[in-house]
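A, B and C are the chain letters, set down in written order, and residue numbers restart from 1 in every chain.
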């Protein structure tokens, strides 16, 4: 007896994929932001986001209201990112890319170790920013949380676009990233711009962590590590220099991984990540700058 | 030139002497004043929530030492971090055996981690005592690995309990299973299938996940789509919590059986917080330890002892049940060490551990006897069923054999 | 005269290195020989990685996976085909070299950070693939030599006898890895002195300039990937032989990251620095554990050390050695 294709399940798994992608999108945005403003990929972005999440938890634990803690964490994260750039990245600002990558790897270990030093390793939870009450539409369930995460990510893309396009600060940030030498000639304080870029990315990472923790139902010192992997994959797919690409890439990745894991038998759960990464590699071979990325022109 | 040769020779002799003295005694790790044991515990990495197993045991050993030790020997317990990574486990275990010269490996945590070191330890004849994992193989394969013994009720037996319970109380159930894709998860699943017997077809869907996954939302959705009404959660705490939360987000409220590893009070508390009281209400698990957050044990002398030890010897958070686990295992080791005689050897402790009878372990449920014989290599094979009600686990039914 | 002195100095250093390696086990405990054997394994891996990243500028965060390929080749040959463990090493290197070559092909299309991330993706994906093909790889349980082929493990009884000379298993491991390490080192040194070395250096300095001087970019870059793959495979094979067991978790993505750190801290472009790089990644975590037993402290210290070295010594230990010896090498190797 032939079974009718279960369209509802397909829709549900797609929605779940979008929800997964939504938990990675903000971190992917943070990665893109750092890449665009400093030309470097920050391997510690996830751990910094995790650290911010612990700070938020501590604030709530000390009695602050959730939203106060939320806002305060954003501010602290901005400050932290700014400070990290000034203290750790600045000395290697003009060093080759690989040196800076290794420094960010060092930061990965620093934040990872510091988080375990200061807080015990038990499982914790952070309050929800959005409601998780299920809403049913045509047999498919989702929640405000799923929509909220995606909305916040897209909202950030818009904010960034406005910042870069229409503000003096944004212009200075772009100039400092693209052409530091000439920017200095025009009076832009390049070092400060880089630090602000790091601060913004860290703040964004903080939001990413604070929204991912409830989306993943619990958190501890390791919770951002898988998220970082997926965020990288999503950002690369969308184009490392495109904020919109980061979000769209993450969402596409979430849906793709879910559907291929569920509908292609031999892939199953075990192979869904390798297959997804292979597909991304395929995309890169055809379009090395990612879906929304800008092609690099190499001047001789 | 000659002085250089003399110097090198002297240095060499010194080193040789040091090395020789370290390995010199008849039984490694045993002197007239102390016994040195070691183990690997995940202090970092994905399983770091279990780190308190080591702390609880350490606190108990300090307590025993303060009361004269065992046969006038103090117990020195060294535990090292393996981050739940079998490659690190093999390195650290080798270190414990060859550098720290431990008498035995005690209560190392994890299934894959201990599987990785079992062949080595058995080859070099170092006791692998009271492995902190419920894998069935520790007790089942003792003929092949006679230096290894487990501790807690094994996973296959646990799954069998759930299977038998469902077959008896809900013979028309539709069961969905979420399981970790490794020996631990597969053991529980095998037990469930065994316990269901002829009713194994009640399982409508099995979904696995990898330890490295970040979420199991897709698996939960699939289980719901297959119209399961009973959900078996054979997963570690992070994913067990997710099971409740994602089911809630789908508007699905199945009857949940959650494996003992993830039934700790704080895990259930987080799951309830993230969903609703109704979502976790009625969940079923098995239990063999006394739960430190259960008011039922407030006046219990065993738990009073537990709390006083935790306080006196700085064990950490007394509400963390994994401390109780560690302390219980330590208590069992002390019993085995006593039985191993005035001059314990690796052979004698192995004999003691496999011919042990300990009644009235203060940290285990009343009535549970820690027992091993030449044909029964499962130290604890009794447990009770418990049901989650109003935010607390409540035991029901009798004590039964988990075999 | 100076030229003779120069060659003589080089030969003396080479002999001295061999002698040092041969002598060390007598100075340290048996267990430390095992530790140093592990250092040797890392050394071999990062010598290969150095060739790839330091000389052709291709960043790889996937060398842990190439080690895994070599390691699993060895494990499969030992447990399924009952080969002697040590005889599998060349084949393990070869297989990993082929995989390295295969990776090198798409790598041509990717630049800098994208390549780093693509290789990182490979390192992340490989454990899942290893779990899937469980018939061959043993799945999540992996393959254990003790269990499946104890007869093929060299030194399982505790001692190894070669040419009538008896030694402990740990000492054997030490000599095995460092003998291979020294030979591998010499090979890379020879390669770099020759035509390929010049081509590699040209590519690192400027790909466009190199192409314009006739260097075949594709051939040289994939060749570098293949060679570094062989080294990683051999290192992986030894890694597994030392432990006598392999599981999908044996080669985590953290290993890939650690190898790159080791290569950079050792000093890209500097072969002698690689010894220090290997010592760094093996011993710093251990040393940190002695400084503080508080959780997280070893990682924190490791991270701080990496950052400080990058800030203060960006050319790594090798760069420092190079600078310190510069007056001497200039005097020895330049015509007056």
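In this text, a contact is a pair of C-beta atoms (placed from the backbone, for glycine too) under 8 Å apart; a residue touches a chain by one contact, two chains touch by 3 or more.
Bear in mind that the values here come from a model prediction, so they are computed numbers and not experimental data.
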**OP:** Write down the chain pair with more C-beta contact pairs when A-B is set against B-C.
**Re:** A-B
Subject >> Chain whose Cα centroid lies at the greatest distance from that of chain A >> reply: B
Original post:
Once you find the CA centre of chain A and the CA centre of chain C, what distance in Å lies between them?
Top reply: 32
**OP:** Using mean C-alpha positions as chain centres, tell me how far chain B is from chain C in Å, no decimals.
**Re:** 37
Subject >> Of all residues in chain C, the ones touching two or more other chains >> reply: 128, 131, 295-296, 299
Subject >> Shared interface positions of chain A, touching two or more other chains >> reply: 116, 121, 270, 273
**OP:** Name the residues of chain B that each touch 2 or more other chains.
**Re:** 43-44, 48, 51, 181, 210, 212
Original post:
So in the complex, which bits of chain C are touching chain B?
Top reply: 26-32, 34, 38, 127-128, 131, 140-142, 144-147, 150, 156, 170, 243-245, 247, 249-252, 295-296, 299
**OP:** Using the touch definition up top, name the residues of chain A that touch chain B in the complex.
**Re:** 6, 8-9, 12-13, 16-17, 19-20, 23, 116, 120-125, 128, 132, 134, 136, 141-143, 145-146, 214-218, 220-223, 226-227, 230, 258, 261-262, 268-270, 273
**OP:** Give every residue of chain A touching chain C within the complex, in rising order.
**Re:** 35, 40-41, 43, 88, 91-92, 95, 97-99, 101-103, 105-118, 121, 229, 232-233, 236, 240, 270-271, 273-274, 277-278, 280-281, 284-285, 288, 296, 298, 300
Subject >> In the complex with chain A, residue positions of chain C that touch it >> reply: 53, 59, 106, 109-114, 116-118, 120-122, 124-126, 128-129, 131-132, 208, 257, 260-261, 264-265, 268, 294-307, 310-311, 314
**OP:** Sort out for me which residues of chain B touch chain C in the complex.
**Re:** 11-12, 15, 18-19, 22, 43-44, 48, 51, 81, 85-87, 90-91, 94-95, 98-99, 112, 115-116, 119-120, 122-123, 181-183, 210, 212
